[in-house]
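Note sheet for the following structure.
Chains: A, B and C, in written order; residue numbering restarts at 1 for each.
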Amino acid sequence: MSAIRLRGLIRKEFLQVLRDPSSIAIAFLMPVLLLLLFGYGVSLDPAHVPVAFVVEQPSAATAQFTGAFRRSQYFQVVPMADMPQAEAALMAHRVDGIVRLRADFAARLKDGGDAPIQVLVNGVDANTARIVQGYVTGVWGNWLEHYAQSQGQELQPPAELRTRVWFNSALRSRNYIVPGLIVVIMTLTGGLLTAMVMAREWERGTMEALMVTPVSMREVLIGKLVPYFILGMGGMVLSVVVALWLFEVPLRGSVWVLVATSSLFMLVALAMGLLISIVARSQFVAGMIALVVTFLPAFLLSGFIFDIGSMPTVVQWLTHIVAARYFIAILQSVFLAGDVWSVILPNSLALIIMGGLFLLLIRRSARKRLE
Amino acid sequence: MLQRVWALLIKEFLAVLKDKRSRVVLVVPPLIQTLVFGYAATFDLNDLSMALYNEDPGVAARALVADFEGSPHFHVTHTITRQEQIETLIDSREVLLVLHIAPDFSRELVAGRSGPVQLIVDGRNSNTAQGALNYANEIVLRFNREWNAANGLRALPAHIESRAWFNPNLLSRWFIVSGLIGTLIMLVVMNVTAMSVAREREQGTFDQLLVTPLTPLDILLGKSLPGLIIGVVEATLMVLIVVYWFDVPLRGSLWTLYAGVVLFLFSAIGAGLLISSLATTMQQALMGSFLFMVPSIILSGFATPIANMPEPVQMLTLIDPLRYFMVVLRGVFVEGASFSLMLPQLWPMALLGLVSLSFSAWLFRHRLN
Amino acid sequence: MSAPNAAPAAGAPVLNVAGVSKHFVSGERRIDALRDVSLHALGGRVTGLIGPDAAGKTTLMRLIAGLLEPDSGAITVLGLDAAREPLAVQAELRYMPQRFGLYEDLSVQENLDLYADLQGVAPDDRPARYRELMHMTGLAPFTRRLAGRLSGGMKQKLGLACTLVRPPRLLLLDEPTVGVDPVSRRELWEIVYRLVREQGMSVLLSTAYLDEAERCDEVALLLDGELLGHGPPQAFTRDVRYRSYAVTAPGLKKRVIQQRLARAPGVIDAVVQSDAVRLVLDQDAAAVAERLLPGVDAVRLQPVEARFEDSFVALVRARRGEPAVAAGSDDGVEAAADGDRAVIEIHNLERRFGEFYAVRNLSFEVRRGEVFGLLGANGAGKSTTFRMLCGLLPPSGGEARVAGVDLRRARARARARIGYMAQKFSLYGNLSVLQNLRFFSRTYGLDRHRSQNRIAWALDRFDLHPVANANSETLSLGYKQRLALAAALMHEPDILFLDEPTSGVDPLARREFWQRINALAEHGVTVLVTTHFMEEAEYCDRLAIMAAGEILALGSPESIKARAAIGGVAASNVEEAFIRLIERRPAGAEAA
């Protein structure tokens, strides 16, 4: 191992990244784009959901009920004359739901006769529909309490559910999407970019020229690992800074745990990228493989957006070979809960095993030969 | 002209399909992805692990516990006896939520008062937490109504009757799986077309094409038809999987669906060829299509509703062809939407395709080297 | 390990290759790249590894550099076993691969720094070493330029400089002169000889240029993975002594003489050289004019000195059992007979890229049936001119008419009458030979019947039957070239554009190729060709030598040689004329 040779390789790699538009696109443009899109553009929390209100016989009671919805930030009340009109609006996606108060609403309310409130949602987007239903129930509960008070009664439901949400009490989806995004961004530099740049050296014939110099294969590999490690960690730091200050995600764990586990994951991602590029010596093939085995799983099979526990057993089993899954578990805890060792240790162990395995495979398959 | 386009078409197909590996790459991954992601990408929450901390031996508490145990959404994995255990279980993510019933719950209920039930939820994944809360609320509401009815108590003054159109059980799989068709055929078709011109430029054969009497229109047709044909075949396979494997209803007419498929492919091919004509190397084309596809999938409303996005981002989605196709897919599959109802989605795709294709045809000859 | 810095005594072997074999497996096919090859290289000498395309030169280089392991046999480099101690070997030798191994997105200086780091040059020694190398290669003014933006010749010199940043004892150069113009080629050879002379370096160099073989001290001739001969070049030429002649016959075009000689009995080789046709006869064939050119008067056969190329052709033809002319020369193309009028007319053509003039003030015309050559260093504007004439690039100014059609108006109509063969024989690699031909015949609008006829013709004339169903990317360069030409001729064009049609192809394939071109010209097809091989320029009726976007000289090869006269003595060949004309220009022009 020679420090001068390593330095030369590392400097070369940095210069190449800076001069290659596609490397810059993956290393810098893509993370920023993803952060902005996800941070600002993507949200599972509906707000101002347009809901059609069909009040068949307006009265003080119905006005009070509608008022509760008007005050809620979740809804935008769209009054409609009758059901056919409201249904047409629902069909055309102009509203996401219908609340219908029948003509006898006020009367039954007065008699304590369990007045029905009909709620219709468009079930196509089931997730949104469910969330809207949840919000409706919430507004309804508040209104019920108000109503009881105004009647001088005390509302006494038999079981009263008091919920406490730990770690993310406002249930902001941004708080869990942004940590997940960091994982995706690091996978991008670690897996995709690394796989492509190594394959590029084979394709352009520079690998052959490198190999006839006195460098050892280990130096070549370290010369690739170090720059992209720094680049990936740079992406991580950028994302963390954006997460903390722009998107106001809390960081409850300690910084050193964040750095240590990120470095660990970065190594695993890099090892994957190198392994891919050793198998595939053309950029095109390397890019395709990296996309399919690193990027898409980091998105879909890691628990980033979709809950792993709700997947079928076979698919759940499959997620165990996705490194991103372990790191997402760690990151969500470190950001929102703190240094929870019972999460950090087993997941880190899984990452160490994966990383070790990949490095072993690289060592075995990367020989300083052209065959 | 027909003959020239035909020759080009055959050549393009040979270029893509002659190699066994690329044949496999084109067909197998999208189908496997449809299956895996069809299962993996779901917002439906099942068997959420929960712990019970029941301090009340009474009847009411037992009934409530039974309601939770009977729900398909929850799976009671732990029964605990001490307050401190809650933290351990939630912190380590062994359970998502803990239901705590205080010792006097049943006594209060029998006395006609409210009995408090505490639910502690892990909010690290806010979407899952939100879903769990909604399910728990539903269970408690039902429990209350039943308790009131059984004990002859006065019901609440009003109640909600909720119904969902088109998808009464609110299966998010219907939503995701139908959307997967759009996402995956976009991946395949962009790949085929984005490479097509760039590969020829890199290998120098594009010049060879340009010196033949082929007109830009011939080249355009020859380059887009393979993508269109492959896309339609692939879409058909996926529709079959979605309908017969995932049991998603196909309520609208096939002809509306295929109008959407063809127009979407038209616009996706336009984008692919545009990227391809701008690129000089295959690597640039690969990067370009990647940089195009990731935002267009995110902004399409595939996983998260467009309505939740801020206004400027919503404007941006207007140039995303996938956005329109998503509406068509879900409209035709789940809502049974008619052709005329889908018209506002169809013409923007046609327009996007027309613009991008004309621009790439112009670029064939006018790109400076 | 032997003392690393002591130069081996001149004449002592620095490299010994003993009975080396190497095979590769591609799909189900087994390719024997090298079969039982033994050779050696001596210290302080230049050893040439000569052989046509796919002879196994690169494989041997890689084996010597320890990048591949031989199946059998042993390679000893400076006393070290290349297979067992590759790292130690790599510390002692330097190797420049075919594409020079440069990082194109790094500047000249950055490339040098990288290789200095990798080869462990002490920081204190660097400035002096850099200065020396930059001076030697003439790259000093360009140290900040990106390697990718250098011309081919400059890249080659930078590649050499990077390889030499720490002077080795043994230098391996793999086809260092491919795709490089003659001036740069000559400069490279000067550098190599200086290294050998001043530093006692040993050089092993592979090349497909046979004239370069004669500059080597020793030559190893490889063919299809086997060693055909090993020794000083003179030893090779000795075998063909007294069999070479220069043939002239007044009243006959030399192209015609060459064609007829090539088909005459007992002829091993006939090529156009300067004003005459160079003839190599079979060992026992008699040099009798009546037998060689029956019915031609006043034929002069002048004995000439044998050269390496003669022996090469003789050896290879004997080995492969090929006749001098592989295919019939009647290529069945009959161009529209419209007299000797000009079919390409260019007047004040220019092409700007921003502020930069790639081509300016270009005027010439080409008549029907003429073979017109466009020569120039890399970056002289040949390709740009070419692309404009084919309708690939719109001109920024001036007029150009091809086949009577104004290129600014009806390019599509002009295209139907031209055939185009792009650089590097651009074919669809994963389509078979047959599929490629079918595709091109269809795109040119040939109907089914005619298309079938033309494909049958192409398979026959170009000897493509044995490879008809092979994917074109698996073909050797020679076959690719034939296929590319066949594809360009599918629609029987009046005008043929050939962009570096022989680059990288071995001398035999080149001969065959020119045979066909000549025949086409005889049938009235107009041919416009660019080339780096100056001896090929002799086949042209007229030449234009370009530099910095302008025409430097225009005329027949003879008139150009006369223009390059020094002290009233004309240049002896086009290569010399070219170098003289380029060097007479004001300095610094290559920087463009």
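We take it that contacts are C-beta pairs under 8 Å (C-beta built on N, C-alpha and C of every residue); 3 or more make two chains touch, one makes a residue touch a chain.
Worth saying up front: this structure is predicted, and the values here are computed from it rather than measured.
Most remote from subunit B, judged by the distance between CA-atom centroids, is C. When the C-beta contacts at B-C and at A-B are tallied, the pair with the greater total is A-B. A straight line joining the Cα centres of subunit B and subunit C is 56 Å long. Averaged C-alpha coordinates put the centre of subunit A at 14 Å from the centre of subunit B. Across the assembly, subunit C contributes no residue that touches 2 or more other chains. Touching subunit B in their complex are the following residues of subunit C: 353, 387, 390-394, 412, 415-416, 418, 420, 422-424, 426-431, 435, 438-440, 442-445, 471, 487, 497.
Across the complex, subunit B meets subunit C through its residues 3-4, 6-8, 10-11, 14-15, 18-19, 203-205, 207-215, 366, 368-369. Residues of subunit A that touch subunit B in their complex: 21-22, 25-26, 29-30, 33-34, 37-38, 40-47, 49, 90-93, 96, 105, 108-109, 112, 114-131, 133-134, 136-137, 140, 144, 147-148, 155-169, 171-173, 175-176, 196, 200, 283-284, 287-288, 291-292, 296, 300-301, 303, 305-307, 309-312, 314-315, 318-319, 329, 332-333, 336-337, 340, 342-343.
Partner subunit A is touched in their complex by these residues of subunit C: 62, 65-69, 86-87, 90-91, 93-106, 110, 113-120, 146, 162. Of all residues in subunit A, those touching subunit C in their complex are 2, 4-5, 7-9, 11-12, 15-16, 19-20, 204-206, 208-216, 368-371.
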